[in-house]
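Labels for the chains are A, B and C, by order of writing; each one numbers its residues from 1.
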């Protein structure tokens, strides 16, 4: 493992992650990626520690990834699933967390359908003065930091497998396509990509990328005083009509589009987002077929991008909706499998960084 | 670990536990509590052994506690949950147990909504002449021995952290408040507390503590010939009217009250019980609000107790029903978090005591 | 472990298993059976490898058996259950499998209610050029190889505990009784028993053993060119009327009966099959009572068999339906518990054989 200083106790959001922190995660994950290619894939780092997966919202994929990461660090794991728990008996979320604390949990990996639950648990742990760390595994429409970090790791290791680091993305054009409004993955990705100096282009139908949402992002990101160059993050254009034309200006890094094409133009990477089918019921979308026609990524549409463009998706994919089925399976374009593999290494890195100070 | 003789093969009930057995559990749990404070929290005691959690009734809290206890003893664990099992295919409970026996299970931790299931499984194992031990993790309204033992450990270690032992409770006044009638926790607690020589005061509305139930307890306890002093366990008063006045007499150890106040008067410890909201539907209770007013533990009501009184609850707590929310979180009064922590140490002790003879 | 050559990468079906392969499984399982009788029951064979139980159809019994087998080989295990998974989010089965592949799974144990799913996953893994092995843990009405192998192991170790091998069954008469038509267990058993040279007698009501099914079996088995003696597998008699009389001829090895008695006559082993109660609804059966009267195995009916006949059942048993309750519990006749025990050893052997080449 790289020798490094790591002071962050909980991983709840990427909004205030520093470049040094991103780079430490990337380098640590690269070390674990190397461990995973060895004959013996386990390391004794977290032996005797307990990682509790508190999944108030069910997820097999993310839970398995964290569980495997914990096991490969030799931690003991406890799985809590809301469906079979005493949540049905009326216990509060904080009481559940405190119960797992009292049992001896060292790290809590928390997923909840409401934004802010991991933060609330972390605040309670801090208030109690205990050393337990909380890792946000997805909270409502807020953030999903480990997903954004594994996306970052996947892209950076593609560019420089041995030394993945944030600056590799400087100047790259990255499109994020789909249900931006409701996506915790998109929100976390926006933080890391903006921090890297990449040019981020969001593309979605106006119902899934309203002006209000954009202003909220920009305001938050503006507060961070992003970069020394005094870059201002501006809307691509005043969004006052539909459809919105997009425009560029040299000092902008975040662009919004109500059409797909300008986002794809010369893009280095295209991040697609999962479309929750429930959105249809809420009349935010006409039909999956029409969505695919307008915003689905196909081989033909990728012609607009840089020649060696790559496509990402956090999974699970609705084949033929967010992305055409053949493209998803084409290793020349799709990074989807790499993302899953990166997920274990990145989560090992996160558990290692917040956990190793405790033993 | 203390060197000790332990002859009990199954742990099904505390009704016939001896003082020596209580003390062995308490001392062994204290040793494990010490292990849990070390850097390396695992011991190889049960390596290669299989602990199967047969939870025919679902429980995240108790199951996690047993699972962690088993893992810290280096046992392999198997989790059986009725919901996803072949119980739905019509297999009998004994057949399920025998299947886990045949797979190589060494210890079965059994929870079932019907009283007597763990005993039936233990009897079947004995009939088959196999060495498998059965640990009752809660059976209907019968017993929940590990909960009562962790309550006992929590109280005793508070009094003497280094040498918890049964005699520490002699002469202490302990109130058990709430739905005594339906509580397996109360039943197990009554056995251990009476055995300790504590003065046990049960307080509940008459619908949740009927005369018939009290007579049944007293008769059972009487049969045990508890103590050499010839103590007779008597009702606090003939329960023939409502509300029942309570009374004291020097040779009584178990007292029943249909009001809260006499039970709290000068109490050293107050054990609150979980109120199943289903009881309301069955017209045993007027409203949660009224229940809380009459039997809920609040800071004000604790004024009746000894100054350094402590409150326990087996969890999960209905905040503002059995106990006021602020009191629950006040470490000066609440032992609720300690109980959960004790739970892992006590369950390690129980698994160790019944399991270590086998390897 | 016996030193042996093992070239099979996936275990999907017994249809093309060779005698050498059967014998290797039997001998390897015998070695693990011996390990399981030791004080330390774990071996480090698969340390660092990941066994993912992908159970798209729920099963506690088989899943626990595979999980324990994997743990005793020191593998890390991941459990996927369809109910709580992203299957509900519309992900395809192959995408789920590829996600677990990308996480680093070495062996996938797959159960699905549709025939062919494990084969499809295995084909996809091969197409991708990855080293992951797939083990069929039951697919629709197709096959359940590990169950048939544990049945084989149970019978062979009864005959020669130290050297279980396929030829021990040569000339033995084995009856398979029950819902042959829908049973994946029966299909896998037919392959192994025919391969052993045993005389296999199928007995079921005509609705559960139609002529068409029999012809299909025979055709498939015929294609294999079973044995050097040029044995032809023929129907016991032209099945063109009901009830079917049964007949014997010296060169036949597979016999079909629409009545129980001729199948039991002088049988060495009786394999009963689980009756899915759903069959009743589909009007394939009159009543469980009548089924038991005609095809249920009882002490009285066993009088027809060889004196030391043994009865098997894959579990879970409907007591009093496929087999009388007292008979099931009689160790003189019932091998049901031995089957479960054999299951862990046989599954250790299978995971070892397909897994050990990878590390």
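Throughout what follows, a residue touches a chain if its C-beta (ideal position, glycine included) is under 8 Å from a C-beta of that chain, and two chains touch if they have at least 3 such contacts.
Computed from a prediction, not measured in an experiment: that's the story for all the values here.
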Graph class of chain-chain contacts, one of line, ring, star, complete, other: complete
Fitting chain A to chain B on CA atoms, where both chains share a sequence, rotation angle to nearest 5 degrees: 120
Whole-Å separation of chain centres (CA-atom averages), chain B against chain C: 44
Shared-contact residues (touching 2 or more other chains) in chain A: 81
For the chain C and chain A complex, residues of the former touching the latter: 47-50, 52, 76, 78, 80-81, 84-86, 89-92, 95-96, 98-104, 359
Of chain A, residues touching chain C in the complex: 36, 39-42, 58-61, 64-65, 67-68, 71-72, 81, 83, 277, 315-319, 337-341, 343-344
